[in-house]
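Before we start, here is the structure in question, set down as structure tokens.
For reference, chains read A, B and C in written order, and residue numbers begin at 1 within each chain.
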Amino acid sequence: MMPFNHMKDYLTRQEALSFAVLALVLLVLLPLSLDVMRLNQVGKYLSFAFVAVGLVLCWGYGGILSLGQGIFYGLGGYAMAMYLKLEASSPQNTLIQTTPGIPDFMDWNRITELPWFWEPFYSLTFAIIAIVVLPSIVAYLIGVAMFKRRVGGVYFAIITQSIAAILTILIIGQQGLTGGINGITDLRTLKGWDIHTDVANYVFYFLCVFLLFVCLLIAQFIKKSKTGRILIAMRGQEDRVRFSGYDIANFKTFVFVVGAAFSGIGGAMFTLQEGFMSPSFVGVVPSIEMVIFCAVGGRLSLVGAVYGALLVNIAKTTFGETFPELWLFAMGLIFIGIVLGLPNGLAGVYSTWLAPKVDEMLNRLLGHEKQNQEIYTSIPIVKQGVVS
Amino acid sequence: MFSDFSTAELMAIFAMQGFAGLILFAVFILMALGLAIIFGQMGVINMAHGEFMILGAYVTYLTSTLFSTHAPDLFGAYFFFAIVFAFFAAALLGALVEWSMIRFLYHRPLDTLLATWGLSLILQQAYRSIFGAREVGVVIPDWLMGSYQLTDMIEVPINGIFVMCLALAATVFVITLMYRSRWGMQVRAVVQNRQMAGAVGINSAKVDRMTFALGCGIAGVAGSAFTMIGSTGPSSGQLYIVDTFLVVVFGGAGSLLGTVASAFSISQSQSILEFFMGGSMAKVLTLLIVVMILMFRPQGLFSLKVRR
Amino acid sequence: MAQSKDLGKGFKLNRRHFLAAAISAAVMLSTTPMMALADKPATADVNTTGLAVTDDTVTVGILHSITGTMAISEEGSVQAEILAIEQINAMGGVLGRQIQYIQEDGASDWPTFADRSRKLLRQDNVAAVFGCWTSASRKAVLPIFERFNGMLYYPTFYEGLEQSPNVIYTGQEATQQILAGLDWISNEKSAKSFYLIGSDYIWPRTSNKIARIHIEQHLGGSVVGEDYFPLGHTSFNSVINRIRLRKPDVVFASVVGGSNVAFYRQLKAAGLDMSKEDFTLLTISVTEDEILGIGGENIEGAYASMKYFQSLDNENNDAFVKAFKERWGENAVIGDVTQAAYLGPWLWKAAVEAAGSFDVDKVREASPGVELTTAPEGYVRIHENHHLWSKTRIGEAQRDGQFKVVYETDDLMEPNPFPAGYQ
């Protein structure tokens, strides 16, 4: 079944252009202009873009703000790290341990047998499935429990935040099973292939960009499908949609699960590119930062979210390397400025100022074509009430 | 675990454990009261709440150094001045923040979260630049340290009793203000219906500013009290934020009584669990129980309206 | 700091225009006969691996958190390392070259540490890095140092269980710090029962594991309780009641960070007064730095087991404390880790001079056996396993925030990161 009658129902001209420009930047411009170390950094920032794209769906379109995206990012990252750690802990690599063949941190905590939930991670196939499925299951459970009871808005935000806090304490507390606050470190090879070489860095970077585009296209599909339109309707007038006979909770859960699965992939890509995973991505602070990436890029723009993740992280590194003390001031001011002045983020700036000009230019180049207005220009600023 | 002890010893331990729970209760009340006003009444998610508390702690530190250099005779009493200063310093900053940023965001509660998170980063770094990265040691007057011998086996920490009294005073003050004063009536009117409140002649902008300032001021008082039991450093405020929000949400936003009840139940369960199983697991279990209950009863203990 | 950064960039420029630089250097040589160059080995000889070494300078990295929660602890280490570098420069530098440093901020975030160390090693090509504080940050940068063959001088006392060819551990590992302390307190206070309490992460857990084995198997004592609290936990009244219930002879504490302040203040308030005879506490985590926040009056009488106290009475330490206060202010305090951080640049200098080269491989080869007679803590020597031979001392906390040294091991303690029988 063709869900769309025309290609342009799926991708407007403006959107196609923005995807193309993003592809140009990520696939040509950055790899050509950066050395491998910096490119590897950009690859890690892109792993946050997965989360930000998921947040555009959940928050921008669905109106549900999760302050617990770190949970899913962490689950994906840990699933990848567990596989890599088992590979790094082969009996011949760990001869000096009391129990060779198990990860080093387990040995330090006097655990002599691999815990049952580690066992399946010997299989790469299982790990890859777990990266997507594990966050999805957790998101599904949270979503069903919350949305069926019509918890939303601020309450959802605070409860997801608490779950992120619980998970962090749990990971740190159960260090014999999880590596504790150090995280899972010293990951070396993937199927015998060294993951720290320059070649590996390039491969993972392009893999990351590829997967990001897959996620972007899926998100674009959802956005333009009936589900997307119901989400928008729901965000505006939830009760009316409910009275029209739609099960609101199902739609919310669906989009939350998709966001979680994206985040899981992002986490796994981070682990591959950095060579370790740590609980510092799971907790409250990183989860809020991920929302910030999305807000800076524009909460209604998929492509904007990618730029948001990139720009905030690049700014963080540049400022952090030159003026570490000033960075927190700058970051704080950016948040406040964006929220007060540019509620639709950079994408909002683009669509108000640049998009009409670009459109005009395109019209001149390609001949006149009736253009659907960009979705984010036609929607007023998001309004979410605590209590309706 | 208890077989080696006499009944008298056990009774003494349980009595002291009961006090430990009450002290934690008082701590939670102080943390949550300010937020219950800001978040519960106004719907503003103030992520910088912890930083307002730390402002109170730093003001206490400054007051203590001021007294020890200029009025050493009065040092024993400086804490009372410090609490007052802390209240006004935090309230003033609160009013400033409300005027410069929060007032534009009342119709976008989730965005207040982002903006105040930005504010908290700025405040943290400001503290770091002004007071240094290290924790400051606030000297507590001698009469506030040490313990009070209730019976020959039961000892109660004096600063704990002090925190309890302060929490009680703050709660009575806030509840009287909110439910027994004209101003409180205006606040509740604005909360319930901003336009109607405006129509009957309430200056809602002013009420908002005062309410926000009051919430921040109470956070400052809490911070001042916490110098006795916790650390005072640029990022200490972060430690409290999750607990605080959970207490308010669990109580049911909008209900001050709910906040008190939830502070009581969370503090008691945490304190009892800690006694039996140690800190980390107790914390995880308490939070889990709270989140589970919230999933089944999202409106919290006392509130009626979160379902939409 | 900004200045040293510019210098770092300047270096990059030099490398890019190496020929031009070499020519101009040659011109300078021919026109101005520089006496200093006579006893200075040629750059090509002391640097065969492309490190940031010029004819006059050598660049090193300092990598600590100066923002975020760990800034509290790491500030002292940064100050000590800068002081050491300045002192070495004033003495003529290393192999006739002045040390320049590039300081990076780890921002209390382990991935940031990894990122910055990659920059220091790959982009700045520093000859050595002094840095890291928490075990987690060290674990995060370790694979990077091993891959790009850097040299890290790590100052913190830590849990052991590690021995990397690319790290020199200038703090004590767990057995050095713990065993002597437990032996002493068991003799001195005839302690038989112990209560172990710590923050919930690897160092306290590993330390308590070692302590428990030592207490149960070597001291004939018993452990009556073992508790962990999340980092940043601030309510300890329940555990204080547990301690009261179990009545241990000694509380063995490895609580860290902000929790420390809460823990000791609440102990004091609960009437468990360490300055009196009936309650003994041995800590491995409280240095002079932490007492600043806790308040001397709240921890008076506690015992700490570590290798250095600011009050150590010897010539080296007098000079060090004086220099430190002149540089960083009269109110500066110096804890165990700060002193260990101070050793880093000196040990590196000694190893470089022994090797006659900045090359990391040669420095590593020359490191075991390198000794320092001028260390504030007294004499130290690098062991084959890259840790330091050092003495362990017991200090009794005083009201003024200093420790009184009450015991010192006769011999240097051998570092033993993989202690047989304690794992």
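Following the convention adopted for this analysis, contacts are C-beta pairs under 8 Å (C-beta built on N, C-alpha and C of every residue); 3 or more make two chains touch, one makes a residue touch a chain.
All figures in this text were calculated on a predicted structure; none of them were measured in a lab.
Novice: Edges wherever two chains touch, nodes for the chains themselves; is that graph a line, a ring, a star, complete, or other here?
Specialist: Per interface graph, the chains form a complete graph.
Novice: Which chain pair is joined by more contacting C-beta pairs, B-C or A-C?
Specialist: It is B-C, judged by the count of C-beta pairs in contact.
Novice: Chain A to chain B: how many Å between their CA centres?
Specialist: The mean C-alpha positions of chain A and chain B differ by 34 Å.
Novice: Whole-Å distance, chain B centre to chain C centre, using C-alpha means?
Specialist: About 37 Å, centre to centre.
Novice: Give the residues of chain B that touch two or more other chains, as numbers and ranges in rising order.
Specialist: Where chain B meets two or more other chains at a single residue, that happens at 125, 128, 238, 280, 283.
Novice: For chain C, which residues are shared contacts with two or more other chains?
Specialist: 66-67, 200, 228, 230
Novice: For chain A, write out the residues touching at least two other chains, lowest number first.
Specialist: 169, 172-173, 325, 328
Novice: In the complex formed with chain B, which residues of chain C make contact?
Specialist: Against chain B, chain C makes touches at 66-69, 71-72, 75, 200, 226-230, 232-235, 237-242, 244-245, 257-262, 265-266, 268-271, 273, 289, 291-295, 297-298.
Novice: Quick one: in the complex, what on chain A touches chain B?
Specialist: My answer: residues 59, 65, 67, 145-146, 149-155, 157-159, 161-163, 165-166, 169-170, 172-173, 238-239, 284-285, 288, 291-292, 295, 325, 328-329, 331-336, 338-340, 343, 381-388.
Novice: Where on chain B does chain C make contact in their complex?
Specialist: 5, 9, 13, 16-17, 19-21, 23-24, 27, 125, 128, 132-140, 145-147, 149, 155, 157-160, 226, 228-236, 238-239, 270-272, 274-275, 278-280, 282-283
Novice: For chain B, which residues are in contact with chain A within the complex?
Specialist: Residues 39, 43, 45, 47, 101, 104-105, 107-111, 113-115, 117-122, 124-126, 128-129, 238, 241-242, 245-246, 249, 253-254, 280-281, 283-284, 287-288, 290-291, 294-296, 298, 305-308 of chain B touch chain A in their complex.
Novice: In their complex, what parts of chain C are in touch with chain A?
Specialist: So the residues of chain C in touch with chain A come to 2, 5, 66-67, 104-105, 107, 109-112, 114-116, 118-119, 122-123, 134-136, 139-140, 142-143, 147, 159, 161, 200-202, 205-206, 209, 228, 230-231, 418, 423.
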